[in-house]
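The letters A, B and C name the chains in turn, as written, and every chain counts its residues from 1.
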Amino acid sequence: MAEAPAQKQSPQNSQSAKPLAQKSLRDAVVLGGNRIPFARAGGAYAGISNQDMLTATLEGLVARFGLQEELVGEVAGGAVLKLASDLNLTRESVLGTPLDARTPAIDISKACATGLETVVHISNRIQLGQIDSGIACGVDSASDSPIEVTPRLRRLLHRLNSAKTALDRAKVLTALRPSDLAPVPPANAEARTGMSMGEHQAITADAWGITRQAQDELALASHQNLAAAYDRGFLDDLVTGYRGLGRDQNLRADSSLEKLGKLKPVFGVKNPAIAEPTMTAGNSTPLTDGASSVLISTREWADQHGFAPLARVVDTRVAAVDFVHGEEGLLMAPAYAVPELLDANGLALADVDLWEIHEAFASTVLATLAAWESEEFCREKLGRDGALGAIDRATLNVTGSSLAAGHPFAATGGRIVATLAKLLHERARETGRVQRGVISVCAAGGQGTVALLESDGK
Amino acid sequence: MTDTYTRLIRTAPGRFLAKRAGLPNPPKLARVDDRPGAVLGPVVVLGASAGADQVAQILLAWGADVRRRFDGLSRVGSVVVVLDEIEHPGAIGEIVLPLAGAMRSLAPGARIVTISRPATGSGESLSREAARGGVEGLVRSLGHEVRKGATANGILAADGVALDAPGVQGALRFLLSARSAFIDGQFLAVSTSEGELPGDWDRPLAGRTALITGAARGIGAAIARTFSSLGAQLVLLDIPASGTDLARISNELRATPLQLDVTAPDAPERVIAFLRERGIVLDALVLNAGITKDKLFANMTPERWDPVIAVNIASQLALVETLLGTQGEGAAADGSAVVGTPVISSALRIVSLASTSGIAGNRGQTNYATSKAGVIAFVDALADRLDGTGMTANAVAPGFIETEMTARIPALQREIARRVNSLQQGGQPLDVAEAIGFLSSAPAGGIRGETLRVCGQNIVGK
Amino acid sequence: MSESIKDLGDVPSFPAVYAAALTRRPGAKRAADLPEITHRVRSVRIDPERAAAFDHLMGGPATELVHPGVLHVLAFPVSLSLMARTDFPAPLLGLVHLKNSVLQHRPVRVGESVDVECRVRNLAPHRKGRTFEAVTTILAKDGQIVATDVSTYLAKGSEGAGPETRRRQEQSPSSGKYGPAPGRSGGKAGFTPPAPTARWALDAGTGRRYAEVSGDANPIHMSALSARLFGFPKAIAHGMYTASRAFTESRPDLSRPLQWDVSFDAPVLLPSAVLVRYEDDPVTDSTHCVGWQSARSGKPARRHFTVDVTALV
């Protein structure tokens, strides 16, 4: 790194008595990204592991940017549904790519915000001067998710392992019941409430009075926007085809309100308190397989390698809500984090040119927007003088989002960051003005991570 | 990638059985890795013309063991028969007959190359026309007769093209080398003296940039690897669905990947925008992207017909027309550096993929043969359009090549297909790639509008 | 009346107590009143591993401070041994757990040794029989009372049950013998379910898993087969399992004195899905929890339990 290596001076040197100088922050800029098309669970990537997908995605990024044999500062990645053997998933994936084999890697995990958190991690490292370049990435496979043994069998096996005599071992084994051998798939429910994310969101949607019509319209817009983005070649340098897929398998370019309107509600139907369930398979994201990656660096590194920065990672915020006893909706954390992010940067809603609000469910996006428009919410929950206001819907998810693309949990953050960075760059070029974009990602456990990006380069 | 029968035949018992049963005994063909040297020596140059002397000098300069007679040679590596000045069919025997006695001395993988002038169809000298035309029969027959992986091919140097012209030298070196292992009984016509000798014969594409379509897999990937080993910088194009395969070969060769469906209406513009954004100027364009959707014509539907035409020929027409349209565009009026910058060099080599099916037709391939015959006519016409520009257009027509695509042909049909040529085996994607590599090189500037068959002298067509 | 104390050498084992109850001589005479005796076990160590297993089963992290449910199961065999006495006025098998109330004065640490004293009191008539309270006192080494656990049981029988009540029971078989708890509006009629904030998916092994950490291997909890032997159509979840889970999920501050009140209504047949709602009251520093089975195929929603956890200081 460029700073004078004060640490290397000998301890005898009088300099060592002085406190070391505080380093100044540097800009972290997004240079681009790569992902594989997202596939529906059990679809095109059935039988493909997280490591397979992450490796392919990194290979595509290396090819796009000519990073063969490049020693990147760090690769941060993660998966939400992760096999125990994948403890070093990102590093193992890096070793399968043409990147310099000495490239360090770290695994990060924060449910659906994992992908965005890897971007935060790499950006922070770059800003702090710890690395000059990095790759943020994420992957998830709903088709190859880990299946575990029962907790009882696990305890028995551990006891068996530590049993010293044959008799001890026999004793352990006699405690074994047939039911202990049943495999345990990953729970699709919040640990503390036993309710699935969809059931939680159904409560939120109901509480905010989000209509079926509004949700279907948002879903339709997502499909149409993504299809249009593919058609105009916007994703040519963001997506690398994989295993015969050239586009996201979930994308329905020919979707319509009529088709969406015919689907039966699937979430909230078991909740007697919800008179009219509105959430269908059409306005909720399906289980998906996929991986994404983002290349981030300092300006100097970009310049040395001949890359044009697309956008700068300006700031990020995190928040969590207490959903456990129903105080707040499970996926509402970004509704708190975004205002904080905007305040910290002296921005109002209207100062944001592009919004990328992760479509976990159509109603998640709509409830978040409704909250910002609510005088009551903004006063009581956010402690503000009044409502934040409404965003211009034409600036929302302009190239589609998770409802159309699908949502391989840890891969969503990278998809959004690369997309938004390219959009901001493109718009800045068109308008000649600096463009700002906000990313909002909700996550299981009542969490949220949000980020502010600003267009960069020429 | 050797087929099962060939693997069997190479075992001692297999060879014995095959011989007793009169089954084909395909020789192992040496490729450039097996025989890196340009000329398999000793090379005997036949002919008494000044051109023959010139050729002998060229071969000497390449470091070959050059002889002018077979005297005392128990083993002959190569034979170059120079027939550039024959005026009458009666003159051929005198020059070529010494080879008859040496046929059994030809080494495995030996090369016979004739250098003659093409028949012009002119009524000026009937005997000269007959003599020149006769060479074709000689070469094609020798192709059938030579054994153990030896080949016989000819160079047709147009009147006025000296035998040391870059095109003649390039063709000679290519045909003598192991790079032409699966080319047999064919002619390469050198119609002008254009082209340049390369700085390094082993890396004739050094400093040149090539765009290869359909590069993710099969023959396209082989072309990319060959081009890379010949020194070229590469832009590799394939459909988005093959993106990761494309990324992998791009990583392997440090090439620039470009995902694009060549049949998209705006594909040519996207290619041009991509090249301009990266400041890439093409020296070679390899139009390899192709698909098959075989069906007897009685069962042919638009779903099977239209995509084959669209990918195999229509996309080539659109891309070439648009690329050529960028010539002469100056800088944009607003002075922007990006718009209007050239994306093709003035010595562009265009090589398209035809097929022996396009020459002779093939049962079940009406759509494919239509597209490939179209390619053959297209490059011929394109060469005419490019006359005087320094750019060339040619095609390569592969015969049966061992690829993923041909692996899907039913077993018996596949077995027959790969045996019905003089070399009794299918070719490798590398063989096609080598031919394209040569046609894309600087010396090949005088070769224009040709379709070179890489088919092991398949019995179909010429 | 002076209290007599019977010191037990150790906490009795459940099977032994149940076996004694099952093999009771049929002709043995039952007393009219509750025995005025205290069963006591001194210096019972709260096993950290068992406490951790209990915490984990309830879905919480293993803590240094003991879940009051652990104190309950620790003392339960001791009070059972009292109720299994041959002269006990009601048969042990068939007792219905109606309510449970724990007052914990100070936090208890895992590994701590406590004295356990159990007595019974307040035999009272009830429209379905008689009720009484089993009172457990947990004392620290210094004699300070750490916690008091009062369990209210119903001994079904003719005594105190008027003819009117009996007729009503007969007319509504769905309520059955474990039908709506007396004196509460829950169970069947009158219960309007609120919006749930959680759902428990309780599988058929729920009873066995609780038996493993609590030791309470009462056959009615273990399997459908063994439950049928005692007249239940399916295995039923331990009341104290649902109560303890609700306690954990109410996120109490175990470092503070607290009150944990439970009232049981319709039993939870296994397997089943129990809808649960938590309501935090910041004013009283308490959490109210109700669990129920949703209405289905014409049957109204049935309340299973209500749990209140209140921090006292």
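Here, contacts are C-beta pairs under 8 Å (C-beta built on N, C-alpha and C of every residue); 3 or more make two chains touch, one makes a residue touch a chain.
Model, not experiment: these values are computed from the prediction.
Peer 1: So which chain ends up closest to the centre of the protein, judged by Cα positions averaged per chain?
Peer 2: Per-chain C-alpha centroids ranked by distance to the global centroid put A first.
Peer 1: Centre-to-centre on C-alpha atoms, which chain is most distant from chain B?
Peer 2: C
Peer 1: Which whole number of Å gives the spacing of the CA centres of chain A and chain C?
Peer 2: Chain centres of chain A and chain C, defined by C-alpha means, are spaced 45 Å apart.
Peer 1: Based only on mean CA positions, could you tell me how far chain B sits from chain C in angstrom?
Peer 2: 88
Peer 1: Counting only Cα atoms for the centres, state how far chain A is from chain B in Å.
Peer 2: 50
Peer 1: Can you pull out the residues of chain C that are in contact with at least two other chains?
Peer 2: Residues: none.
Peer 1: Can you tell me which residues of chain A touch two or more of the remaining chains?
Peer 2: Nothing qualifies.
Peer 1: Show which residues of chain A lie in contact with chain B when the two form their complex.
Peer 2: That would be residues 36-37, 56, 59-60, 62-64, 66, 68, 97-98, 233, 236, 239-247 of chain A.
Peer 1: Would you pull the chain B residues touching chain A in the complex into a rising list?
Peer 2: 239-244, 246-248, 250-252, 254-257, 259-261, 266, 270
Peer 1: In the complex of these two chains, what residues of chain A are touching chain C?
Peer 2: Residues 151-152, 179, 189, 191-195, 199, 203, 270-274, 324-327 of chain A touch chain C in their complex.
Peer 1: Name, in rising order, each residue of chain C that touches chain A in their complex.
Peer 2: Against chain A, chain C makes touches at 56, 59, 193-201, 205, 209, 249-251, 275-280, 287, 294-295, 301.
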